Amino acid sequence: MMIEEQFWETLDRAALPARVGTLAKEGWRLVQICGSCHEAFEILYSFDKDDRFLSLRVAFSKDDPVLPSITESYFGAFSYENEMQDLFGLKLTGLKLNFNGNFYRLAKKNPFLDTPPAVAPAPGGVSS
Amino acid sequence: MGQRTIIPFGPQHPVLPEPIHLDLVMEDEKVVEAIPSIGFIHRGLEKMAEKKDFQEMAYIAERICGICSFIHSMGYCQAIEALLKLEIPKRAEYLRVIWSEMSRIHSHLLWLGLTADAFGFESLFMHSWRVREKLLDLIEETSGGRVIFGVCKVGGVRRDVDAETLRRALEALAALEAEYREIAGVFSRDASVKRRMTGIGVLPKEDARALGAVGPTLRGSGVAWDARRLQYAVYGELDWAPITEEAGDCQARCLVRIREIFQSFDLIRQAAGKISDGPVAVKVPGNPRGEYFARLEQPRGEVVYYVKGNGTKNLQRFRVRTPTFANLPPLLKILQGCELSDVPVIVLTIDPCISCAER
Amino acid sequence: MAFFKKSPWLLHYDASSCNGCDIEVLACLTPIYDVERFGIVNTGNPKHADILLITGAVNVQNEEIVRNLYGQMPDPKVVVAAGACAMSGGVFQDSYNVLGGIDKVIPVDVYVPGCAVRPEAIIDGVVQSLAILERKAAELKRRGGSGEPEKPS
Amino acid sequence: MPHLVIAKLLTKSAARKPSTRLYPAEKRAPPKGARGRLVMKQIETCVFCGVCGKKCPTRAIAVKRTDKTWELDRLKCIVCGECVEICPKDCLAMEGEHATAFVAKKIETHVQKPKPAASDPT
């Protein structure tokens, strides 16, 4: 069994677009963007270049669900970012192709926002 | 400048086996822009990992998609095994490789058939699926299921394949390969097939890389990236190299798949030759803790599983980035500037798997 | 096997299925199973169809489309739910986005079990639905119906 | 001639007998070990431990110890075979033959007959 070596970097969301811009110039390929939300938002951006796998970790509070988009550097990120917008109720700024929360039409608004075992949705929720 | 019209395409459409909706912005016969709207198959199964036992999740992971089912469960299990630092038996690794190559052949044959149907070559469609059925019989004989294999579990595989069955399967595969060779010849040499695919839907190398294309869509544009190069399971012990084509058009993507089927036949033979006796599963110790990205090569391209566990039997986060999700932006790029009548063929050449994409 | 009075036409729709059942439905049309020998034709147009074959667990986005397709089909019509998801939601029954079963949306006449359903099981299901179709046709004739879609009340 | 590439394939298949399986008329024996349908093989030996129900990913099995009943909701069963593997008394079996379609929803119930108490000499 091969366990791939994976590299991590933690950075602030304000520094994200610049860092991603550098990666794009260096020729890294965007592999995936993964959002998760437990105590706080944690967004992972993964890139790949010459078999090197690098993930950027961006964490921020639930009270301030705003994130800069990286579609300036990687247009292909629009699908991930629209998905996060729908599932987590995040607000992406500078998103190039914005579905405004209509990428998925869901039975429940922002289903990934509430963490188990807390079943009841937060009062007020996140407005669209 | 002509007048612009928007033509809705899908979700229920004769050429689409699955529901996806595209708004095609047209200028006469030319597509100016394509805007997808998805969500018809969104089942929210990533969220289910928080409620289900991590071993039970293997069944759900397998049902992300019924076409690439085996590799989905294999990828999920590999991710969990990496968290548990679990060394699984060699025989199980080889069986996993054999099954995943079988599922690659079955998926590519399915794709060849659907593509032939999309450009109106009915008899070629039927022949591709006729050959595919023989492979499904083999899959059923070795794994017990036709499309949902249900054999992969955390810690190994659920059933062994005895030597006699394996020998018979190899014989049948050899016969199958001979039959497939004839069909492959039609796809690569027939004039009417060429006319529908050559020079259509070109994706240049730079665009493929920049837009994050994966799988045959990426390799058809000349980039030699195949996640099997990471040498997961026993791919490191087998002799193979990623297949690429330079042209970047529909024909190139088709040729990549055609050659990959031959490669898969070869990989199965190699794996069956090297397989050793032994157990096929180990006991699972404890619960997963930590986080890991497992990357595998699906028939449609690289797939990424992210798992995060906190030491309980439920995962904290399970995320799948499926190949079709990554291939959507390149598809929109290819569709720009094509003719309306080419849209079905172009959409099919990225081998869209909507249930994968939306999970 | 009895002869059918009509050649039933079939409309297949994937309502949030995993594809496993869908490719088996397609497999029914190809040489090995070949349902066309029963006169069954897979059509893309709901107004031509007698049998609606649905796979998948139906989510909110698909609900309206399933209703639409069903509503557009002329009477008599039969609905076949193929696969564990279409019958009950299957493995996805606990998910937030799944309604869990076609019968939550439209009335289902025949259930075909399996995950994924085997083509043989689909043929069984379609054959059973034909008997129901003939019964419904007779019923309609007795009532003097015209085969027009029922107006939603 | 690139136009006649398929000709060879077509002549061959015209000469061959049709590859269609005439399903309802001729039934193919499913391969050994195929997962077709779950059956309760022997309710007599069941101890109603309920492990099958707990392991079932779709909760298709309900075991009632007090009534000595074992119920299967075939609507939910995904024929994974987990219950067959786990059963300590080997009561369950996976048959190769697929489950046939049905018209009315029902739950398959198996009830264990009460054992004759006095007739057992051991």
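Order of writing sets the chain letters: A, B, C and D. Residues in each chain are counted from 1.
To be clear about the criterion, a residue touches a chain if its C-beta (ideal position, glycine included) is under 8 Å from a C-beta of that chain, and two chains touch if they have at least 3 such contacts.
This one's a predicted model, so the numbers in the text were calculated from it and none came from an experiment.
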item	value
Chain closest to the middle [Cα centroid of all protein chains]	B
Cα-centroid distance, chain A relative to chain D, in whole angstrom	43
Whole-Å gap separating chain A and chain B, where each centre is the average of the chain's CA atoms	25
Approximate Å spacing (C-alpha centroids) for the pair chain B, chain C	28
Averaged-CA centre spacing for the pair chain C and chain A, given as whole angstrom	39
Touching two or more other chains - residues of chain A	104-106, 111
Shared-contact residues (touching 2 or more other chains) in chain B	39, 42, 44, 47, 51-52, 59-60, 63, 130, 133, 145, 148
Chain C, residues touching no fewer than two other chains	31-32, 59, 61, 90-91, 96-98, 115, 118
Contact pairs between chains, per stated definition	A-B, A-C, B-C, B-D, C-D
Partner chain A, residues of chain C touching it in the complex	59-61, 96-99
Residues of chain B that touch chain A when the two form their complex	35, 37-39, 42, 44, 46-47, 50-51, 78, 81-82, 85-88, 93, 209-212, 225, 229-233, 236, 292-293, 295, 302, 304, 306, 308, 314, 316-317, 319, 321, 325-326, 328-330, 358
Complex contact set, residues of chain D against chain B	2-3, 5-6, 8-10, 12-13, 19, 30-35, 57, 78-82, 85, 94
Of chain C, residues touching chain B in the complex	13-24, 26-27, 30-32, 44, 56-57, 59, 61-62, 65, 69, 90-92, 94-98, 115-116, 118
Contact set on chain A toward chain C in their complex	104-108, 111
